[in-house]
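Down below are the structures I want you to see.
Both complexes below contain subunit A, partnered by subunit B and then by subunit C.
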Partner chain A sequence: MTRFWIGAGAVIAIGLLLAVTDIIANSFWFFAAYVVLQYVVLATAWNIMGGYMGYVNFGSAGFFAIGAYTAIVLYNLVKAPLLVMIPLSGIVCGLMGLGMGYLTLRLRGVYFAIGTLALAVVLETLMVNWDYVGGATGAYVIRPRTLEPFGDYVKFLTFVMLVLAVIAVAAARWIERAKFGRGLHAIRDDEIAAECAGIPTLRLKLIATTLSGFLMGIAGAPFPLYVGFVEPASAFNLAYAVNAIAMPMIGGTTMWAGPVIGALLLGTAQQIANVTISSELNLLIVGLVLVLFVTLAPEGIVGLVRKYFGRGR
Partner chain B sequence: MFTFDLFWNALVAGALLGGFYAAVSLGLSITFGQLDIVNIAHPAFVILGAYIAYMGNEWWGFDPILTGLVAAPVFYAIGVGVYRFYYEAFERRDDEALRGLAFFFGVMFIVEVVLIMAYGVDFRSVQAPYIGGNWEIGTIGIPTRMFVPCMVSIAMFAAVYTYLARTFTGRAILAVSQDRLALELMAADPVRVKQVGFGLGIGTAAIAGALLIIIIPIEPSVGRLYIGQVFAIVVLGGLGSISGTLVAALILGVAESLVSTFYGPSWAPAVAFSVLLIALAVRPQGLFGR
Partner chain C sequence: MTGETILAVEDLTMRFGGFVALDSVNAEVYEGERLGLIGPNGSGKTTMINCISGALGNYTGTVRFRGRDLGSLKPHRRTRLGIARSFQIPRPFRSQTVRENLAITIEYATGASGAERDDRAEEVLQSMGLGPRADAISAGLTQIEMRKLELARALAARPQLLISDEAMAGLSSNEVDELLEILFRLNESGVTIIMIEHIMRAVMRFSQRIVVLDAGKKIADGEPDAVVADPAVERAYLGD
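And now, the complex of A and B:
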């Protein structure tokens, strides 16, 4: 048992305690925490491809939305429970990620990034034209009001998202420490040299894109139950794509803590700005902070901390 | 429901649309195709240009195209500024690929949000004498609202093409990504050349934006959809080929018009991105690529 696992266990235990008791009575805090945790999953998933492997995915919103739409299909078909939706959404998006992995055979760098953006728009158009999942007008999902022993259902959803966030971060941390992660770093630095050095680049890329897609899918799966009403414009919202990029870039892309710090800081700031100022202004802040960090602190907060405190991991 | 009337109408409308797309993608064809700068914010600058045309029209009743022409030098200056910043922050450190992309993504987002804050998400449009007219040639209708922008677009395209092909600076812009060293030996500073090229690219966005708001009412977030169109056109035409951009713009315009006539407008956004995905997967060097 390392410090990380003790910490993760403690986070889950505290989360469970807060969710089942009434220490925090106002369910707004759970609504807000859910969004922040959802961004932890998305940012971590993005970072597996973008940070470790160096392939920028502009289509995070597409994966997130397909996760949500898979959940809607399951709901419409058999009224599947949430704990069935999450793994199945993950699998669907994992397969999509696998397809995207094969795309890397032909597309590198900038072309890959634009290709992912294209993929997201094509998927959105498909959903707009697919009436079974509500088409352009959207689909309703009826959320149970309560679930024992959590009380309010939102508390349960938030706890589920917390567990998913811990799973995502643990996966990212495992990749970082395993030989697999070093292989991805080699791909990021020089793909051809990595190939020449005997690294099975295609296999590594496929595993990474599949895993990244899977994690984005599970982040999207509870979304229909959380909002109760899903339309293409909200599920494919560009804010997801921007945040999934901005958060790791702000936190630092080289280490698992980066996306987590970025998501917690930026996600919380957005939640606060949402209530106190306006939702447009909060998006403006995201854009400005992204540009600022990309320009001035390319290594993110993790990089700044390392630079000024001179500590390794 | 297929009839030849409908088909010919869609074909003509598509060609006019394609002519307009040429104006929107010309700037990116220069910045991305010639200078290797992935200016994903280009459509955002086009929308900014459209809003400036809207302001001129709404406040003083100026003609949108005239406003676009007046705004173009200002956009040129903005472009020069953005490139200087980009050069100092990314290109000089040889760190442009991913961070540069994220930078332009951020710029795009900032432009969009600022416009939303200033004007909200309502659709805006302009008034001009040539909006609303319609010429009938046999059974084919030619709306002047499409015809005028198409002609202006082609005139701009021809002017920029001539500039690039005939003048020293223009040729230097075409040369800069091919062989930097040779350019330096010709006593041209690559950074200055790229600065002019990037300014020119953004300058065209001012006029393209004015044309856009003549064709269709806009709101700030429509810029995102044009990312697909412009990149599809520039990639399909072939990076580095200005004339290829014009051909690709016409192809995409016709394809979109046919799809939206025969399958419904809700499928139209997928056309550009599908073309882009197919072009990237099958022939990344484009139709006329170097």
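And now, the complex of A and C:
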């Protein structure tokens, strides 16, 4: 047992405690925490491709939404429970990641980013025109009011998202330490040199896009139950794509802690702004903070900490 | 000193659109040999090694390594088979240290891991004289150090055939001698070496045999003294 796993266990235990008791009575806090945790998963998933491998995915919203829409299909088909929706949404989005990898990984740099953005637009158009999942008007999902021992169902959803966040972060941390992660790092530095160093770049890239897609899918799976009503404009919201990029950039892309810190800070700031100022202000905050970080601290908060405290692995 | 054929290039042709970069080139390299590959700028030297290393996969003709047709084998598979190359313009993994550059190559190209990997990295570091710079981030290296790292990384893959693409361009004559010495030592340890170089002093000293390319065609192939005396070679370099 390392410190990481003790910490992860403690986070889950505290989360469970808060979710099953009434220590925090106001369920708004759970509503807000859910969104923040969802961003921890999304940002961590994005960072596997964007941070470790250096391929900027602008289509995160597409993956997130397909995760949500897979859940809606399963709900419409068989009223599948959440714990079935999550892995299946993950698998669908994982396969989508694999497909995207095959189609677009020949593209580099900005062309790859454009390709992923286009993919999200295509998917949104498909969903708008697919009546089975509600088309442009959207689909309702009736969620149980309560679930024991959690009480309010939102508390349960928030706890589930917390577990997903821990899974995502553990996966990212594993990649960082594995031969696989070192291979991705070499690809980020120089793909041609990596290939000549014996690294099977195409295979590693496809594994990374699949894994990243899987994690984005599981982030989207509980979304229909969380909001109760899904329509393309909300599921494919640009905010997901922008946040998934901004959060790792602000936190730092080289280490698993980066996206977590970025998502916690930015996600929380957005939730506060939502309530105190206006919900329209969210993206403005992201934009401002991102500009600040890109110019003043390009290595993110993790980079700043390393620079001023001179440690880190 | 030279033995059986390690690399055979047969009717190798490479086109970029309408431009023929390599035109039915035939050449052989023998086990343990030191081969110099020369030619004017744009004659197809780098294209040829890109075909051999697999960076360009859509050539016509055949590249055989130890009798095996490499076909459309990807570069990383060729590296694992024992063909390593260095790049004309150094391409280190810039955000990693010199040691990490070697470790990742050893890990993927030879499959060694853990202490074995680290030992081999140390071995290569020492043999290339990069020991003092082992923990420096590679983006901050000097030119000669970059060139050495480029060769070191090729060596980390434990090659049987090393292709050195202009490792010496722009270096001082002391530095050229230093790299030559390293290449000689490698060759003595059994590695076959193809050297692409513009510095004639280095090529003449190093090569047992020289192949000359001009405009995508092989125009000479033989002992260094005979090749430089060849009127066709003189024409290629100096014009009519």
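Everything below uses one rule, namely that the second predicted complex is superposed on the first by the 311 of 313 C-alpha atoms of A that agree within 3 Å, B and C clash if a C-alpha of one lies under 4 Å from a C-alpha of the other, contacts with A are read in each partner's own complex, and residues count from 1 in each chain.
The working rule: a residue touches a chain if its C-beta (ideal position, glycine included) is under 8 Å from a C-beta of that chain, and two chains touch if they have at least 3 such contacts.
This one's a predicted model, so the numbers in the text were calculated from it and none came from an experiment.
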First, second, both or neither for A:R182, with subunit B first and subunit C second: second
Subunit A: partner with more touched residues, subunit B or subunit C: B
Touching partner for A:V56 - first (subunit B), second (subunit C), both, neither: first
Subunit B versus subunit C as contact partner of A:E195, first or second or both or neither: second
Subunit B versus subunit C as contact partner of A:L107, first or second or both or neither: first
First, second, both or neither for A:V294, with subunit B first and subunit C second: first
Residues of subunit A touching subunit B in the complex: 50, 54, 56, 58, 103, 106-107, 109-111, 113-115, 117-119, 121-122, 124-126, 128-129, 136, 238, 242, 245-246, 249, 278, 280-281, 283-284, 286-288, 290-291, 294-295, 298
Contacting residues of subunit B [partner subunit A, same complex]: 38, 40, 85, 89-90, 95, 97-99, 101-103, 105-107, 109-110, 113-114, 116-117, 221, 224-225, 227-228, 231-232, 235, 264, 266-267, 269-270, 273-274, 276-277, 280-281, 284
Partner subunit C, residues of subunit A touching it in the complex: 179, 182-183, 185-186, 188-190, 192-202
Subunit A-facing residues of subunit C, complex: 53, 55, 74-76, 79-80, 84-85, 87, 91-96, 100, 103-105, 107-110, 113, 153, 156-157
